[in-house]
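Before anything else, here is the set of structures, which you'll find just below.
Here chain A shows up in two complexes: once beside chain B, once beside chain C.
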Partner chain A sequence: MKRRRELFVGFLLILPALIVLGALYVYPLILSVYTSFTVGEKYGLANYAKAFDIYWRDIVYSVLISFVTTVVTLFASVVVSGYLRFRNWKFLELMYKLPLFIPFLIVGHAMRVFLAPHGTLNNLLTRILRIEELPGLSRSWIGLVWAFVWIMTPYATLIVLGAFRSLDSAYIEAAQNVGASKWKIIIDVLIPMCRPSIMVAFILTFVRTISSLTIPIMVGPASPNMITVNMMFRVNYFNDWGTANALGVISYLIVMVFAIYYLKFMAAERGGIKA
Partner chain B sequence: MSVRRFSILKLTLKVVLVFIILMLVVGPFVGIAIWSFARVWYWPSPIPQELTLRYWSEVFRQGRVLDSLILSLKIALLTVGFSIAIAIPAAYAFARYRLPAERILLFLFLMPQAFPQLPVFINLARIFGKMGLRGNMWGIVMAHTMASLVFSLWIITATFKSIPLELEQAAQNLGASRWRVFWTITFPLGIPGVIAGAIHVFLWSMGEFNAAFFIGAPFIQTAPVLMYTASAGYNMQIASVIAIVLMIPSLLFMFVIERFLKAEYIAGIGG
Partner chain C sequence: MVVLKTEGLKKYYGDVKALDDVSVEIEEGELLAVIGPSGSGKTTLLRSVAGFVQLDGGKIYIRGRDVTDLPPEKRNVAMFFQNYALWPHMTVFENVAYGLKVRKLSKEKIREKVEWVLNFLDIGHLANRKPSQLSGGQQQRVALARAIVVEPDLLLLDEPLSNLDAKIRMRIRFELRSMLKKLNIATLYVTHDQEEALSIADRIAVMSNGKILQVGEPREIYRKPVNLFVADFVGVNCVVRARPEAVRKLGIAVPEGAEELSLVIRAEEAVLSRYNASIEKTPHDLLLNGVIVGRLYLGAKTRYEVKLQELDDNIFINSEEDFQLNEPVQVLVKEGSYFLYA
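Coming up: the complex of A and B.
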């Protein structure tokens, strides 16, 4: 009886949150899947056929950009975390955290100015290298990846460094005693032992990159586009909700495996804290 | 002698490294900071030919820049109120109660961070359109409350969990009700986490674009939406001024809340 009561009170406490999530998240989510299968009054796969027909190149492009971004971000965050695990450098600590809470849109605008053909970066580089002109990186895939890496690295580093720091120093000292270099310790000890956290950093970077709209509209090339930009165009210029939602569902499917891994990891971790 | 030369080399390397890191991290903001004061700026001059304070004055003068900032501020404050008020009881339940279908609930409340949110906002805009909530401030507040709820909830849950259970049990043994225990012990001890969550929600809402764009535009423009419109129309000065105004609180509060945040919980957001 007491257990029953506790379950009931607990349920009442989360009820407001559950209602908000149900009405404003789950319902639109279901609607997006439903709409993607409807054309006019009929059901079918026409929206998917259209989405693949027009945007197959953009779908591949989005996956590739997200993948490259994720790999570069993880590399950068492992280097920064590895350094900070062994040495205390306040400057680097501050620098990697600086971009943490800056809105994506603002980063997009700042990067657009920074990476433009006559932008801040080229202004500086042409003076240092004493050359006339450099090509601009904004509106190219390199600029897009650059901007993504810039905003993703702080989060990835926060996760990876957290894992590195929580690892018992005894393992590292043992490796040092047998003469392993710092690089070797990072590759052979730290990375394998922190694999779950690195996996979470990988997944979150990938999902956030492929679902970002603001960065590609600010710094991405006009063509090919990320699929999020295509969704926006479909809705804003063509009022074509069917194809937009088909692209949305395709983006769900792309991240599905990762999302399930993340959910399982987080549920297990939270269960651990609770007990 | 050789030791000394070695350390000079090391110092030079460090200076170069500091310079490169500064260029990579701080560099992007130098550009927009200069643009916000520029009246005339042609290549290849490293700085603008003519400077002006005109664009900055728009932040303080009646007009669309100030209007958009006030609108964003209103939306952010309302969002913080709703999001935190709903998150506190739910967080307490996740931290202290046994819940029915707990695993499913956990999955549900983590899901918005694991899947792309853009399709949800687009469809929400469509639903709101039918209800007459499109182009309405409250539509954006509702969308922001939902999206921020999932991270404010986990920040506050983690805080409640870090409070030792013994303190609550001691009070309960002395005959205090659960309600009283919460308000006299758990909540006061959890206030730092609640404040961190509130600041995070506030910062996120101030800079949010996707929901504000699809639900609000073109009828009402929050500061980020106006910034986007200005930047897309090559009005670099207005865009840069708004960008800097929106960035200042993010940088100021970063140091206050960073230690309360677990990256795994907050990283699912963005735009």
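Coming up: the complex of A and C.
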């Protein structure tokens, strides 16, 4: 009897959290999956057929852009983290965090100005290279990746640097001691020993990039587009919630591939200590 | 040939002097142990020689080459870390081979050297294991293998035996000494365990508060400590604070002008006997009268707390004999087993 009472009290205690989770997360998720399979009164795969038919290029494009962004971001954050692990440079410590406090909208606008055909970057480059004109990057995939990397690097760096810093210095000193340079140490000791955190940074960066809307609208090319932009078009211009949700579900599935890979990796990492 | 020479090393952490004018020398093949309590600066000394500490003054020479401003990877000294610091993602072979790989040796050369060192340390059969699959003693050997395989000018050992349990530690002491002697490699050995230092080192440096108080062979450190700190730190002792008159009555020469004296008695060498036993003593031996005020059974021996009559203080002495509480006893301390400091 007493045990039941305890269970009931325990349930009551977590109930508010469950309600919030259910109302704000589980319900919308189920609803969006449900909507993606309905057209008017009928159920079926019509929305998916339409989504793939019109947007298959954009789906591939989104995955590629997110992947390239993630790789470049991780490279940048490993370099910054490696540097800060060895040397205490207050200025860099502050600078790499700066983008964390700037809203995406502002970043988008700044990048448009910076990367425009006659923007800051091109003005500088034409002067240095002494040439007349350069194409602007602001409406190209390079500009988009550039803006994404600018935004994502601080988040990834926070995770990677945290892992680098929490690693016992003896592991690093042992490598230095037998003659390894700092670059060698980053590659042979820091990265392999901090793999779980780097994986987390990888997945978070990928997920945040593929789900971002503001930056692709402001900086990305008119076509192809990121999935998020297409979803917005479907809803705003065609009131087509079915296809929008089908695109949404497709992006969940893409992200889920990485999530499953991550979980498998973590399980292997935990069990990997054994023979 | 002198392998390591440090001249007036200084390192301050705020007001704390971690190294205060430290100069030591290590000869080819010599094992110098640095002992001292925690916070005495011995680990800072080791880490400065390795290049992990930015010094505030002084010079470090390795085989005559000034390495003071060289980064750790350019000094050709190999350090053994207290927690071993074996890279968990590499096998034993890869751990040991890493230093050679970094030095860009050929694959065959690396294999040859690593196999030699693993066999020398009797861990050849563990080559393909990961560090987490090894016992403490095995990890210790791998860490040692990783340090010596790069043929360093100088080996730095930071409390190499402290992570092993007491029984293994005793055995490994002998092994470690004979291994190092076979390799004939100059070694700086840091430990807080004075007994370990006495048994393993060719010479010992005793440190306290960033200063080296005495450097000498183990026997010299044990028999001729230069001050109260060294006398008390080495060996198992009792320190008795006494007035000069009381000490003079015991027949020991007392330095002039001292108000209070410290008498260090090597308790491990003091002999306890019954009140009426006849004892042979030379004029320089110390014979004290006392009463048993406490006893602790230890197995082979019993530890007695003895209240000394002449000195009005208590000391602790182990004895195989059986004494009762409140029994009057005599304590014989031979010449060379007690030291007097002002």
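Note that in this section the second predicted complex is superposed on the first by the 237 of 275 C-alpha atoms of A that agree within 3 Å, B and C clash if a C-alpha of one lies under 4 Å from a C-alpha of the other, contacts with A are read in each partner's own complex, and residues count from 1 in each chain.
Here is the rule we go by: a contact is a pair of C-beta atoms (placed from the backbone, for glycine too) under 8 Å apart; a residue touches a chain by one contact, two chains touch by 3 or more.
Worth saying up front: this structure is predicted, and the values here are computed from it rather than measured.
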Partner chain(s) touched by A:Leu64 [first = chain B, second = chain C, both, neither]: neither
Touched partner set for A:Val178, first chain B, second chain C, both or neither: second
Partner chain in contact with A:Val257 - chain B first, chain C second, else both or neither: neither
Touching partner for A:Leu45 - first (chain B), second (chain C), both, neither: neither
Partner chain(s) touched by A:Ser212 [first = chain B, second = chain C, both, neither]: first
Contacts of A:Ile54 with chain B and chain C, given as first, second, both or neither: neither
Greater residue coverage of chain A in the superposed arrangement, chain B or chain C: B
Set intersection of chain A contacts, chain C complex versus chain B complex: 273
Chain C-facing residues of chain A, complex: 168, 170-171, 173-181, 184, 188-189, 192-193, 273, 275
Residues of chain A defined as touching chain B within the complex: 3, 6-7, 9-11, 13-14, 16-18, 20-21, 24-29, 31-32, 35, 91-92, 95-107, 109-114, 118-121, 123-124, 126-127, 150-151, 155, 158-159, 162, 200, 203-204, 207-208, 210-214, 217-218, 228, 231, 235, 241, 244-245, 248-249, 251-252, 255, 258-259, 262-263, 266-267, 269-270, 273-274
Of all residues in chain C, those that touch chain A in their complex: 50-52, 71-74, 76-79, 81-83, 85-89, 98-99, 102-103, 130, 132-133, 146-147, 150
Residues of chain B defined as touching chain A within the complex: 18, 21-32, 34-35, 43-44, 46, 86-87, 89-90, 92-95, 97-100, 103, 105-127, 142-143, 145-146, 149-150, 153, 158, 161, 200, 203-204, 206-210, 214, 224, 227-228, 231-232, 236, 239-240, 243, 246-247, 250-251, 253-254, 258, 262-264, 266-268, 270-271
